[in-house]
Amino acid sequence: MDYKVLGLTAGIEIHQQLDTAEKLYCRCPTILRNIDERNGEIRRYLRATVSEMGGIDRAAEEEMKQMRFFSYYAYDTTCLVENDDEPPTPMNPEALQITLTIAKMLLMTPISQVHTMRKMVIDGSNTTGFQRTALVAMNGIAGGDCAIESICLEEEAAQRVTDKTFSLDRLGIPLVEITTAPCMHTPEEVKEIAEYIGMILRSTRKVKRGLGTIRQDVNISIRDGARVEIKGVQELDLIPEVVSREVERQVSLLAIREELRSRSAEVPRGKIDVTDLFSSTKSKVLKKAPCIMAATLKGFAGIVGREIQPGRRLGSEMSDYAKKCGVGGLFHTDELPAYGVTEEEVAALRERMLADDGDCVIIVSGTEEQASCAIRQALKRAGMALEGIPEETRKMLPEGCSAYMRPLPGAARMYPETDVLPVEITEEMMDAIKLPELLTDVAARFTEELGIDGALARHIAYSDRLPTFEKAIAAGIKPALAARTLISTLRELSRDGVDCGRVPDEMLILLLVRVNKGEVAKEALPDILRALAGGASLEEAILSVGPTFSVKDLECLIEEIVTERAEFIRDRGMAALGPVMGVVMKEVRGRIDGQIVADILKRSIEKVI
Amino acid sequence: MDYKVLGLTAGIEIHQQLDTAEKLYCRCPTILRNIDERNGEIRRYLRATVSEMGGIDRAAEEEMKQMRFFSYYAYDTTCLVENDDEPPTPMNPEALQITLTIAKMLLMTPISQVHTMRKMVIDGSNTTGFQRTALVAMNGIAGGDCAIESICLEEEAAQRVTDKTFSLDRLGIPLVEITTAPCMHTPEEVKEIAEYIGMILRSTRKVKRGLGTIRQDVNISIRDGARVEIKGVQELDLIPEVVSREVERQVSLLAIREELRSRSAEVPRGKIDVTDLFSSTKSKVLKKAPCIMAATLKGFAGIVGREIQPGRRLGSEMSDYAKKCGVGGLFHTDELPAYGVTEEEVAALRERMLADDGDCVIIVSGTEEQASCAIRQALKRAGMALEGIPEETRKMLPEGCSAYMRPLPGAARMYPETDVLPVEITEEMMDAIKLPELLTDVAARFTEELGIDGALARHIAYSDRLPTFEKAIAAGIKPALAARTLISTLRELSRDGVDCGRVPDEMLILLLVRVNKGEVAKEALPDILRALAGGASLEEAILSVGPTFSVKDLECLIEEIVTERAEFIRDRGMAALGPVMGVVMKEVRGRIDGQIVADILKRSIEKVI
Amino acid sequence: MKTGDLVSCTIGGKMLEAVYITERDERAVLKLSSGYNIGVPISEVRHIRDGEERKGFEPPVVQDSKLPELAIISTGGTIASRVDYRTGAVTSRSTADEIISAIPRLATIGRFRTRQPFSILSENMKPSMWIELARCIYDEIQAGARGVIVTHGTDTMAYSASAISFMLDTPVPIIFVGSQRSADRPSSDNVMNALCSAAVASANLGEVAICMHGTVNDDYCAVHRATRVRKMHTSRRDAFQSIGTEPIGRITYPDLEISLQADAIGRGDQVLTLRDAMEEKCALISYYPGMDPAILDAYASCRGLVIAGTGLGHVGTVLMERIRELVCNGTTIVMTTQCLQGRVCDRVYDTGRDLLRAGVIEGEDMLPETALVKLMWVLGQTDETGEIRRLMQENLKGEIIRRSVYGL
Amino acid sequence: MKTGDLVSCTIGGKMLEAVYITERDERAVLKLSSGYNIGVPISEVRHIRDGEERKGFEPPVVQDSKLPELAIISTGGTIASRVDYRTGAVTSRSTADEIISAIPRLATIGRFRTRQPFSILSENMKPSMWIELARCIYDEIQAGARGVIVTHGTDTMAYSASAISFMLDTPVPIIFVGSQRSADRPSSDNVMNALCSAAVASANLGEVAICMHGTVNDDYCAVHRATRVRKMHTSRRDAFQSIGTEPIGRITYPDLEISLQADAIGRGDQVLTLRDAMEEKCALISYYPGMDPAILDAYASCRGLVIAGTGLGHVGTVLMERIRELVCNGTTIVMTTQCLQGRVCDRVYDTGRDLLRAGVIEGEDMLPETALVKLMWVLGQTDETGEIRRLMQENLKGEIIRRSVYGL
């Protein structure tokens, strides 16, 4: 596809959790918990409050279609602030400091007086019904040519456990939101900017790492299309796919609009109860439904079933809307007979619905209330197909497609968080911020100073174990050993399901020091690390691979073996080294470094020769 | 028996609950509850506190042999005072007033400043470990010649539910304790004095009635015998029996002492474990016992089994002592073989115990600790038989015999209740007390004024329904109707299991007024009362026996019947009254008074004749 | 510049337009189109044009004339409020229409009229306002209100409810209600508290009570007798707790099912009576170790003094002489306990007996705050020492529970 | 006549002999042989003969030298007492031998020595005595005590324990204990409390705590951190309650099994240090509606003032000016809450923000009483305003809990 011709413009929002000691507006630690560890549960209703225009926010209204009774899991690491039962503390200064550092790295201008706002969110993910957020800096530049509009410091939402249940451990973790201008024009460009900003964030060494700690939202539109926000893209590599598939979707929908218009297609207002037609159906879904509703889309035949993204049809979009009413989805005659619905039933349906060949009939099932609501929603989406592309917030599906979530929010409903005093950002504060070394520079330095291969250096610099690596180097460990152990060995172990995450840095470094001294064999590292991951102490772990072998012991052993094979050695001379080495290693493998064995054996053989 | 020759002297203590609105040292109502209504349970240890002599009270020590962990049931009608978790209120003035009235009736002299004392009781029946009690008056006379030593106002103890569990509803109800001098010399005399004091108490109209609200303790001794206190005699009629049986017991025990001395009987110190002898016994009790201990009583053969009261032997007394250790009782060779113990086993036991024909072997079973304790206790009692009669507190058994409870308490362990201020009793207070009419006088007045037969008048005066009767008379009810209904009818209903206790006086009187007017038939009273007891309203109850029959209705009915049978009536004349009356009553029985029927019928017949 | 004006300023070299909100700590607070507020130096702000007056849209409200008439008297606590997202301003709403349009379900419970005798932060409440409030409630009941709802800040709500309780014998429910989370937020406890209090206000009750969350969940509201309730937490929704007794009722949410205790006073059990004299010259002091006896001199002009003593109702012996003097000079002194729970008993220890001899009145199990309000009221009713003592020791409005029941 | 003398008097015409006990309200109190006391007119009493001196029998006590050395410091609370049934006198016992013979099981827990720096009713406790007590404890620990038990009246026990907590860094447990029911009665809580406190005093703990009944049953004692505990009931055995936190431990009874919370400070974690300066010129006042601002003048000479404000920490605006003056004149004012539970937050409402501007220090979630004691101690340590503020807002001895955990 020629994105220039299509007029692609894209921007991103990056949400990155900060790795602070305490949360943004309370003093709880910023750690995630297993829901089994919860020690309390609170249950609350949230309700949209009436705005000054007498109306309710569009996105909020969408949420209100369903019940708003929520349940929250509390922990010994959460407090009454998360429960919305205590006023927030002042803004966490550590989090603000990190945010200002990022702002400075992105050449942004700080706001002189930062105000915490309440942004209405009544999907249950915030016990308060709003998210606290503060605009900290504006107008920077990333990667030379992409404008950064703003950086906000906000509190992370609670994690959804089930439909209406949330876990409070995540709520309140500081999060920066970086919003770029819509300055990208190809899928690859989007990925590059995201990657660059991610590198900036990690360069602060103060952001959380691991699954779910960074999320990208991508805004995409093409000429004649509409702005669509795709939320929750967690992997950088998927970004180009997401962008290109959205472009494909918008192109297809524009084509569908033209075709529908040419057919003079129409969307009806009413619906018809067709429950009786399916009284003896073999379709499991329809059989158990208390109510089945249908509607006829004039001139839509073949179009509802048309693919607009791999595996997704216009029908899928309508189905997404219908699901908001609690039904499982919808059937349409473009795909029937199927799913246990027979040809006869389709014929009867078409007859009842006065549908001719050019029309498509959709049916939904559920309680009467659900089915009525679902038909209404599906028809609403069908109507939009005649208009073009709706502006939507969509969620990413596993392969890079997306599904409807809710309409794009209107101008955010925000008002001041009166419980938190504004914070002044002075020039002195900004001047005092020391910019961290960029990870790209770190990698370059590793190559230059430590002689590490460029790719590996980059790997180290971007790795979670970077601080460990730096400590190891400082402790005099050979860079190759440190890099191999901390990057390759740990990654291999991790693939085997061994999680060394809880092995403290200090222990790893002490271990590497022993290896460096030759007291522990490099070869034994995987087994020792495995033991450490299992909770063993360093000494236990080292002993677990066999008693260590001192150089003196080794000398004795080698003397014995060499003496036994003196004749052979004298026969072969230095060529005996290989075979005899094999014999020795059989005895000592993993218990002393091979290089040391080779050195001593060589000397010993030399003596014999 | 010639009690004068035997030197019988007896005194009594009467404990009477007062019918006050509130308890003695708190403001809870004085009502008893069903344990199912409890709403809390508290669990406490009680411990004897060391007295100034470094020793512990004898009775208290006895209690301490067993665990002192108690459980108390609380109700919504008990409070923190019963729980021993709040200081007591000042002494209930209503209770004091009643006590002073009784004192005045018994010609006693009040104490000028009444001090509340704490009397140590650690059997668990008081949450505090003491009973609050105050000496209110001294030195009076009952019934002309019996000296009254004292009247105390004290709090009732908690009711025992099971061994270690008490119910707090009763704790704290005011109780007067009237102690006579030991001025009685025949069993009948004891009953008469008890009866007289009881009448005095009830004359105040302010004492509780019903089971357990009055208890007599009788102190009995004969010459050469010992003072024995028999507790818990609730029925007056049993008093003479209790006294005479105790005299019998003391006479028998003195005879036993003489015989044992003449045989040079001896009680051993040690005990022997004979568990192995009964390893294959058929005695259920012994079979399951982890330990069986035995001891040989030299020269006791035949005496342990000798009856000292109907159904009770010296062995029973020893058994009472043994039971304090938690065993079920003891066996002795005077009664064996029996209870599944074979002759062979007895022989083996005697052999092991080196017992010859003049000796008696006793055995007890239980855990080793229980059995050791029990043997020790039984031997202690056996030793006492050589000395004579122990001073004891005994509990009455159903037929009038008694069983050992504990040693007589020493001088009561009392010290001031510092939480309750002393109360001054002034001459003015005493002068202001109006003496109530004695129930004997009430009965006499009923005979004189209302023409009621002496026995019935006495019955009414002593009955719980006396106030109702008085109200009924005041309301103009015929005395005979009131007396018959309130005494006989209610008693008969009560025998049938119909409890009219909760039918309010007002309702009974309204009912009697209706009967008096002839609107309700006397004959219907039992059925109506039955309905009232079941919770019906007065109108419902009256209607339940059939629609009422007005005099007019009756006249119509009678005219019809008489007209029908005019010939028969003219034949028989007034002699027809009986048969025709039967016919009429068949129709109206219970719905209108029979006397009215008779009157009208008579007139109607007269007209026909 | 005034709130709502369109202005511009430059940040990072880019000009942006914004709405002027206010000035704070020498910064102009501006609202951006994104909704964010920012504070910028005032000098950097340029005026573009005046803001337009925007009228709030209020949907028309129809009240059901068949429902019982209820009065809402607001004193400053917000039962309903509205956020102006343009300026961020939160305004409280106190007319019947405004309240019903904010909490539409109210209209299914009763027919409302509203009054607002004053509007204050509840920490500024004072006895003269209680009198004003009592008269206002009295008028409403006389005018036919079948129940009265008083919205009140939570800080001193228990004091006020207690005061009204003493001043009024009421045949209808007088329900105090407030919220611990402001009404502007989606999670506010205001809606549930308001609906529950309206339900109680139409129930078979005839006394003054506080109706607030019973737990931290939105599951039920507890109805507390005015004289036995205390705010026991600074910020939790279930801050109000009955002390030494069960709440007199509860209303489940959202079904608004009411259950009342058997000892709750029924509708119509009392005849409407107003006794609104209060003696303001009363004070409450807590005793603590090291208290300077001289401090009592500051209370010499008080006609009544409530002491929250230690334990069963004690103070250090050093205070005894001044206490004797105060009593001699005509100050009524009532002893309560800083333990809050349990009963004062000055007969057990010497210190207590000395206090009794000095003429101090045992406050039984009254809460110190209730005892203060009651003392103000009693001293407003009578000057006679014996009568003062009798009234203080007698249970008038549930403030004294004669028996300390276990389990509370 | 003196206590113990044999006397006679006549009642109802009968002469009786009795033991003379004392005189009370113009009556001679006599003890009859039945054990009852009666009061009779003094004029009616005849002296017969003097009473004999009776010596109490004290069984010899042997302490086990292998057990840890524990110090019992008694300040007037009775852990043991003896009743003389002859006279009804209850005498408290405070030597090691006396205590052990009253509670023999103590001898299986430790080896005891005892000290009695003073003997008072606890309502008469004052800061100078805290200093004396702190020094006494310090000496005992220096002399090798492995744990210290302080017997104390319950009324002000929490204040004293809190004061010791600030004055002493301790490597060993310092356990305050008392009883709510006097030691002379069979149902007293003294034995269980004493045994449990001795068990804790020998446990792995290194802080100041109060050990008292955890429930109204004799099932376990709770160990409360000194700075977070409050006497919350006048008379119940379980009157002491930790506020806003769990007790730091419990000891089951009768098996004396100890469980301590993970956050309890361990034995030896702190080095023995005594900082015993205290500023007595401090006061605590509770705000209430109608409080006369002039009352604050009485506190002008205070160096420190703790206010128990309403709700999140408020007072009426009428007080604001006097508060500003007091702060200007050098009085440190700390705001706490009369709600007792929850955290002060003066940033939410205008009144609070005004207080902060006036220089009032937010007391976080400190109990008002603890804040008073802490303020006395802090002002004893420093005169520097910034340092005072820092120390007051920093958690020193568990008095501030930085996070309000749910469920407490």
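Should a chain be cited, it is by its letter among A, B, C and D, assigned in written order, with residues numbered from 1 in that chain.
Heads up, the rule we're going with is that a residue touches a chain if its C-beta (ideal position, glycine included) is under 8 Å from a C-beta of that chain, and two chains touch if they have at least 3 such contacts.
Worth saying up front: this structure is predicted, and the values here are computed from it rather than measured.
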Chains touching subunit A and subunit C alike, please list them. D
The chain pair with the larger count of contacting C-beta pairs, comparing B-D against B-C, is B-D
Let me check something: if the centre of a chain is the mean of its CA atoms, which chain is farthest from subunit D? A
Please compute the C-alpha centroid of subunit A, do the same for subunit B, then give the distance between them in whole Å. 81
CA centroid of subunit B to CA centroid of subunit D, Å: 48
Interchain centroid distance [CA atoms averaged], subunit A/subunit D, Å: 56
Would you give the residues of subunit A that are in contact with at least 2 other chains, written as numbers and ranges? 42, 80, 83, 85-87, 418
Multi-partner residues of subunit D (each touching 2 or more other chains): 216, 234-236, 312, 342-343, 345, 406
Line, ring, star, complete or other: which describes how these chains touch one another? other
Of all residues in subunit D, those that touch subunit A in their complex: 312, 342-343, 345, 347-348, 402-407
Can you check the complex and tell me which residues of subunit D touch subunit C? 121-127, 130, 153-156, 159-160, 216, 230-236, 239, 280-292, 294-295, 297-299, 308-318, 337-345, 349-351, 368-369, 372, 376, 406
Would you pull the subunit C residues touching subunit A in the complex into a rising list? 11-14, 24-25, 27, 29, 32-41, 54, 56-59, 82-86, 88-90, 101-102, 180-181, 183-187, 191-192, 216-219, 234-237, 254
Within the complex, which stretch of subunit B touches subunit D? 42-55, 69, 80, 83-87, 108-109, 111-115, 117-120, 122, 127-130, 133-135, 137-140, 150, 152, 411-416, 418, 422, 424
Okay, in this complex, where on subunit A does subunit D touch? 26-28, 39-40, 42, 74, 76, 78-81, 83, 85-87, 90, 418-421
